[in-house]
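Both complexes below contain chain A, partnered by chain B and then by chain C.
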Partner chain A sequence: MERITRAAKDFGLARSIILGFFLLLLVLSGVYGMSVPRMLTDVFIRWGMHGILVLAMVPSIQSGIGPNFGVSIGIIGGLLGALISIELRAAGAFLGLGSGDREVGQAADAVATNGAAYGDYLADYYEIVGGGFFNYVGQLPGADVVVQIIVAMIIGLFFAAIFGILYGMLLNRVKGSEMMISTYVGFSVVAFFNIMWLVLPFRAGTSIWPIAGAGLRVQISLVDDFSRVFNHLWAVSIGGLIIPTGLLLVFFLFCVIIWLFMRSRSGMMMSAAGANPSFAKAAGINVNRMRILGTTISTMLGAVGIIIYAQSFGFLQMYSAPLFMGFTTVAAILIGGASINRAWIFNVLLGAFLFQGILVTGPAVANQLVPEGNLSEIARIIISNGIILYALTKAKEVAR
Partner chain B sequence: MEAKRVLELDGITKDYSGNVVLKDVSLSVKPGEIYALVGENGAGKSTLMNILFGMSVIRETGGFEGSVKVDGEEVHFQSPADAMAAGIGMVHQEFMLIPGFTIAENIKVGREDTLPNLASRVVGKSLETLNRGKMNADARRALDTIGMDIAEYARVAGLPVGYMQFVEIAREIDKENIKLLVFDEPTAVLTESEADQLLAVMKTIAAKGIAVIFITHRLSEVMEVADRMTVLRDGEVVTEKPIADTDVVEIAQLMVGRRIEKLVDDKEENFAPGEDAEIAVKIRDLYVNMPGETVRGVDLDIRKGEIFGIGGLAGQGKVGIPNGMMGMFPAQGEVEVFGEPLQFAKLGDALSKGVAFVSEDRRGVGLLLTDSIAHNIIFNTMTVRRQFLNAGLMNAKAVREHAAEMIQLLDIRCVGGGQRVGSLSGGNQQKVCLAAALTLKPRLLVVSEPTRGIDIGAKKLIMEYLSQLRDEEGLTIIMISSELAELRSICDRIAIVTEGQVSRILAPDAPDVEFGLAMSELGDREVS
Partner chain C sequence: MRQNGIDMYRVSNFFIKNCVTVLFVILCIIALYITTFSPTFILEEIFMRMGRSTLLVLSLLIPVIAGLGLNFGIVVGAIAAQAGIFIAVFFFQYIETLFGEGRLLGFMADFAGIGFIGFLIAFAVATPLAILFGFLVGKLFNKMKGTEMIGGLVAGFFSDGLYQFFFLFVMGGLFTVDMMARLFPDAALNLILPTGVGVMVNINLQGNIAGAVDNVSMLRIVDAAFYVVSAVSAVMLIYRFVTKKALGLLKIAKVFVPVAILWGASHIFPAVEEFLLADRLRLIYAVEWTAFLVAAISLWRIIQEKALQKKEGVPLRPILYLAAAALVYGITWHPAVYTAFMHVRLPVLTFLLIIGTCFFIRWFLNTRLGQNMRTVGQDRAVATSAGINVNRVRIIAIIMSTTLACWGQLIFLQNMGTMAMYGAHPAVGLYTVAALLVGGASVQSAGIKNALLGVVLFHTLIFLAPNVGAQLMGDSQHGEFFRLFITYGVVAISLALYAWSRIKTASSAAQIGDPAPDTGGGAQES
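Up next, the complex of A and B:
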């Protein structure tokens, strides 16, 4: 009994309220005649899609720099990786590796992406053939795109590692105000790369403006590249609810890697440096180096995170799109129960799910409540910023 | 006919949740008298002053018994402001000055002289113009009274520490109704010549009819300026007498006293190493820049297999010695442990050379409060010695087993090794720190204030265990403590650190008076 009350206490009132709100929205969407399985499918896809970006908060919080508002720096690294992999594909680098079931997937993607603006159901690109309760809806991706996305990740990790080390060195000089500084460093780096996207010598036809012949597009379609590789992998439909198995497995794989790292000597030293710098110093740990390590790993996860995000979405979003990603990821881990100096994998899993859950169901229900005009975009802005605000008011340091 | 009294404290008794810190303390101060209040740390001096000034901490912890009378009338101060209004001032140990303001502004802050102007006639008094001429003139007069020839329009920021002290005094004596001024350890931060000047100022102030309460542990200063004195020990008045009837030796003896607290049972066998024993730790010319605990040139030779005590009053530098050795604060000098020199600048160098440290700051430095007991116990051993690892990852089974063993060995009261350390009591947290240090299997164990803030049961257990470690395993132990009784109960030799230097090294059964003298600033300079 005591264990149950403690578990309930650990779960916390704030999370109970958000979970309750999410369930209420689900019920309401059912009442208004929307497809609950389809909505839940979207929640699962977005869970896997945002998960690794939220996971990027764990090393930064544990190493003592707090939530990484500047995760957009890692995102830039990931974008560079993806762009270079597109250049390589356009140059024919991955030809002849085999393209699997891709023909089918591409056709479906093309249909879906033509009509689907951001905010409509991501789930629409799955085709449920056959009428059973349990259907296999997956497609095995071709070796070419799998290799391409791995290459994108490796290049992205390389850039992110360099950015992360520099960013970590900067944060060591502004101890005590990391949250504010990291936010603005993120903004500045995004602004700087807005110029870079115009001047860097990218040449792939799908990346650049077709008429000008130079400069990257605002949204770069990945239909010819690794669009939805993992989303289609081993996907199954259970009574209309589609589980993107491959996507979730990739997300969980990274969670396991980070979990293992946190149990290694370096991981424990890093956590100690974040939890109590004086203790770490007495234990002979170089606190500054640990903070750089945490920042770098966080930034590298940001790079992987955006590639997973982009393959799920079907587009690379350039220019100012990464600007506010820091806020949504920070909000997600905070409503998952992390504090600004302690965070665990469970906070990532729960927080990403609740945040995306409300973001999917909230605007849809709001649209039904007030049918006039296109409310969904406004509702999304209100709800997502509302959650961020709520999460930040709940952000507190746990007692040392 | 009894003489007039500025202040009378009568039968003051105060406890913090059952722990009695003041027991039936009475004292009275006459106008124009310098009254010394002498005692060790924790004797109750600060609590007594908190009561006098009506500090909120006293009310919040259940008030006090007894009465406070000013000029023969009973008063009930609700805040320091009430005490100030009644003409009682305080010169603080930590300066309460605004660095960006001039000296005159600091002296007059909150009591500014103002002149009406147009805006103030419309809006009210708060917009009146400062009467700088009068303020500066008043400040000048106050500064002249205490013999300070510094310009009143200089800014406080950048003044030498000693000057700031005098600005504080000037501020207090500028108050028109001031009757009683309390000096709390005023000479602690001053150089010798500044201290002499301060003592002269105190005499000047007293000559103007203002009573002075002088809190200090420097006995020579008491002898020089005070008229009467009270010695407090463990919350009780040991004695009250005119200075003329006593001497330094007597005060020192009264201040320390012999407490009847036996922490370790006497043993038949004597394990103390002789004079010819191997030297385990050689400290030469050690300087440590630890704020509040500065070490200024310490030389020590610690023998293998002895429990070496380092004592002294708070703020004198005894705590700086281990912190400098472990690299927690910038240090200079030479420390050799079993012949190997320690490099202070290299993080964790002492740890890797077999020195384990139990910090005096348990919660701040000693523990990861949000982590489990088991994790805390193995952490240093895991990082320094790379034990408890399995293929690079934490070996959960080995950690659990070792923690269970340590919990049993040291009788750590908890639900299990997985419990968060932050939720343990102070004594049990200290046992976790000790367990962590022992897990390292050190050659030298340095424990700093091991019994601070823990109950008597845990205290006894820790002390017994330390002495057992020495007796059975021949471990060399350095123990730093503010509690002299504790050091005297288990140490083989005790160094008393005063003003950042070793004033004397004494045997535990040396007479009380020697300890008392060593702790006051005299040391062997005057006794020998």
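Up next, the complex of A and C:
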């Protein structure tokens, strides 16, 4: 009994409320006659889609720089990787590697490209859901796109590593004000790359404005590239609930990598440096170096994260789109039970799921009450910033 | 040689400390060199922008002094202002029908225009809201001491979410148009989006609030000043007479007599009345008069010091002011400057309000509460041991800041003439903070001169950036992205430099090792 109460205490009141709210919303959506499995499918896809970005918070928080509001720097690295991979594809670099069975997905992507709403992206699964309880609805992607997305990740990781080291060096000079400075450095980098997106010599037809002949589009369709590679991989339908197995496996793979790293010698040293810098210094750990390591890994995860996000979304979102992604990812890990100075993989898994769960179900239920209102963006703003405020008020109490 | 070395160190230190300001001066000079706009147009635009946004920037000063850092939470004040304006516009038809024919407010409408009444209603609704919001934000900040800035930023986003929830969802969604029509039959329901849910994205303020402050004529200002000063003087005299205190006639006369003379002149001489009937003052007159006034006061000071008090030495300060006034006056005789200054016309009441706020802040910081704020800002522990209620002082600072920001946003919107319901407030925090930092302020020190210099420099560059971008790159989009970049960059660089210098002083204090860290370290904590 004692164990249960302690477990409940560890889980936290705020988190219990959010979990309860999510379950309530699920029940309500069932009551209102919405398809609960379909909604859960949406949650699962978004879980895998945002997961790695949320995971990027773990090394930064553990290494002592706090939640990485400047993860948009890593996102920029990932965007560069994706853009260069598109250029390579346009130049014919991946031709002849063989393309898989992508007919259904392509058709649905074409619908999405032609202006259908984002929510319709579930359609391409449900086109092939059979009658039985358990169905295999997956499609094997072609080798060309798999190679392309891996190339995009590698290039993205390369840029993110450079950015991350510089960013980490900066953060070492401003200890104590990392949150504010990472936020504004992130904003500045995004704004700087706004100019770069106009200036850099990208030439692929799908990337640039067709009329001007220069300058990247606001949204770059990935239909000809790696759109939904992992989303369709080995997807199964269980009673109408579709599990995007490939996407989740990629997410879990990165979780395991980070988990192993955090258990390794460097990872332990990094956590020690973050938990108690002066003690770590006395123990012979180079605290500044550990902070740079944590920042760099976080930034690199941001780069991978945005590529996974983009392949799931079907588009690369350029210009000001990454501006506030830092806030949503920070909010997600805080919902998962992390604090400003402690975070673990479990917080990522729970937080990403709950956050996306509420963002999917909440507005859907609200739209049953008021059909015209568009709540999803408003709900995102209120929930993400509300939870950050809550965590900030809690952080000080712990410190005292 | 050694002397020279120290000076070099000082010079480089000055540039590092003020690098954002120096950078902006350089960028402004480059932009002014490249731009194709005429100097007159630029001057006009900059003064217009000054009138719009100086009050917002001034609202940041008090929290900095109280040690709360740059208050990104002033967005909350802007939200209060917009809610007030929405309600005023929503009920404007009532206001017109009810008060247009009524006695007291009808007189007000004749006096300062119907727009002024709309503005007063917005003011009356927005101010209590701002005070309430400021109180809540202050409470919140007291729970997150040390992380107020990020807290304020996030609180701004959060309140923006609530604001959108209210105006895009509750209005028309939960509180449907039918219900509104039943409850308020004469309200302006055309402010609701055609779908029936949510408030319009752009609200036209022409004919109800636009120009309410800008367009008040000087004659009305003089009249109002005369009425107010007479009433206050009378009340003071009666009070002092009844309580049998010294009357202090001379002090009262010092204020009353000039105002009465001006008022009398405006009603006796038609030429003066005609001049004062305008609501805009040509910049040339403003500059000339200020120069004369400064010269007169400086001369009086010099006479006072040398002839009456027989002080030793040269009265350097008044002489400097006198020379500056003479120089400024001389410059206005240059034909190009003259035409430009002749062309620019300032909204009188708006600028008077800005000047008044500057003086208010200066006065306030010397009051007891203001001094307490300084103490709290320097060291919370010392303030607590001195018996100051730190949390209360901090809440008051935030309430004042939020309320000033609310009024600033009201002034801003009445000048714009249209309200972007969901676009006008989110940028307020960023742009005002950036302007203040450009003026040379930091997280822990900011003054009125930082605010004024910052507004001029920042808005010069922000205004010129698209044009310069078009000149250099053939596309104004570059300039627009550039100004976003420079705005974020300014905040990032200033915050980073501040944090860096704080760590450097802390570590050098620790290296000295003596009692120094005790006092120095304590101050660094906040």
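Definition applied: the second predicted complex is superposed on the first by the 356 of 400 C-alpha atoms of A that agree within 3 Å, B and C clash if a C-alpha of one lies under 4 Å from a C-alpha of the other, contacts with A are read in each partner's own complex, and residues count from 1 in each chain.
The rule we apply is simple: a contact is a pair of C-beta atoms (placed from the backbone, for glycine too) under 8 Å apart; a residue touches a chain by one contact, two chains touch by 3 or more.
All figures in this text were calculated on a predicted structure; none of them were measured in a lab.
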item	value
First, second, both or neither for A:Arg342, with chain B first and chain C second	first
Which of chain B and chain C A:Leu166 touches, first, second, both or neither	neither
Chain B versus chain C as contact partner of A:Met268, first or second or both or neither	first
Greater residue coverage of chain A in the superposed arrangement, chain B or chain C	C
Partner chain(s) touched by A:Asn385 [first = chain B, second = chain C, both, neither]	second
Chain B versus chain C as contact partner of A:Ala282, first or second or both or neither	first
Contacts of A:Val223 with chain B and chain C, given as first, second, both or neither	neither
Which superposed partner A:Leu260 touches (first chain B, second chain C, both, neither)	first
Footprint overlap on chain A, comparing chain B with chain C	none
Complex contacts: residues of chain C adjacent to chain A	140, 143-147, 149-151, 153-155, 157-158, 160-162, 164-165, 168-169, 172-174, 195-198, 475, 477-478, 481-482, 484-485, 487-489, 491-492, 495-496, 498-500, 502-503
Residue ranges of chain B touching chain A (in the complex, touch as defined)	326-328, 347-349, 351-352, 357, 359, 361, 363-371, 375, 379-380, 382-384, 386, 389, 392-394, 422
Residues of chain A that touch chain C when the two form their complex	69, 170, 173-177, 179-181, 183-185, 187-188, 190-192, 194-195, 198-199, 215, 327, 366, 369-370, 372-375, 378, 381-382, 385-386, 388-389, 392-393, 395-396
Touching residues (chain side chain A, partner chain B) in the complex	260, 263-265, 268-269, 272, 275-276, 278-279, 281-286, 342, 398-400
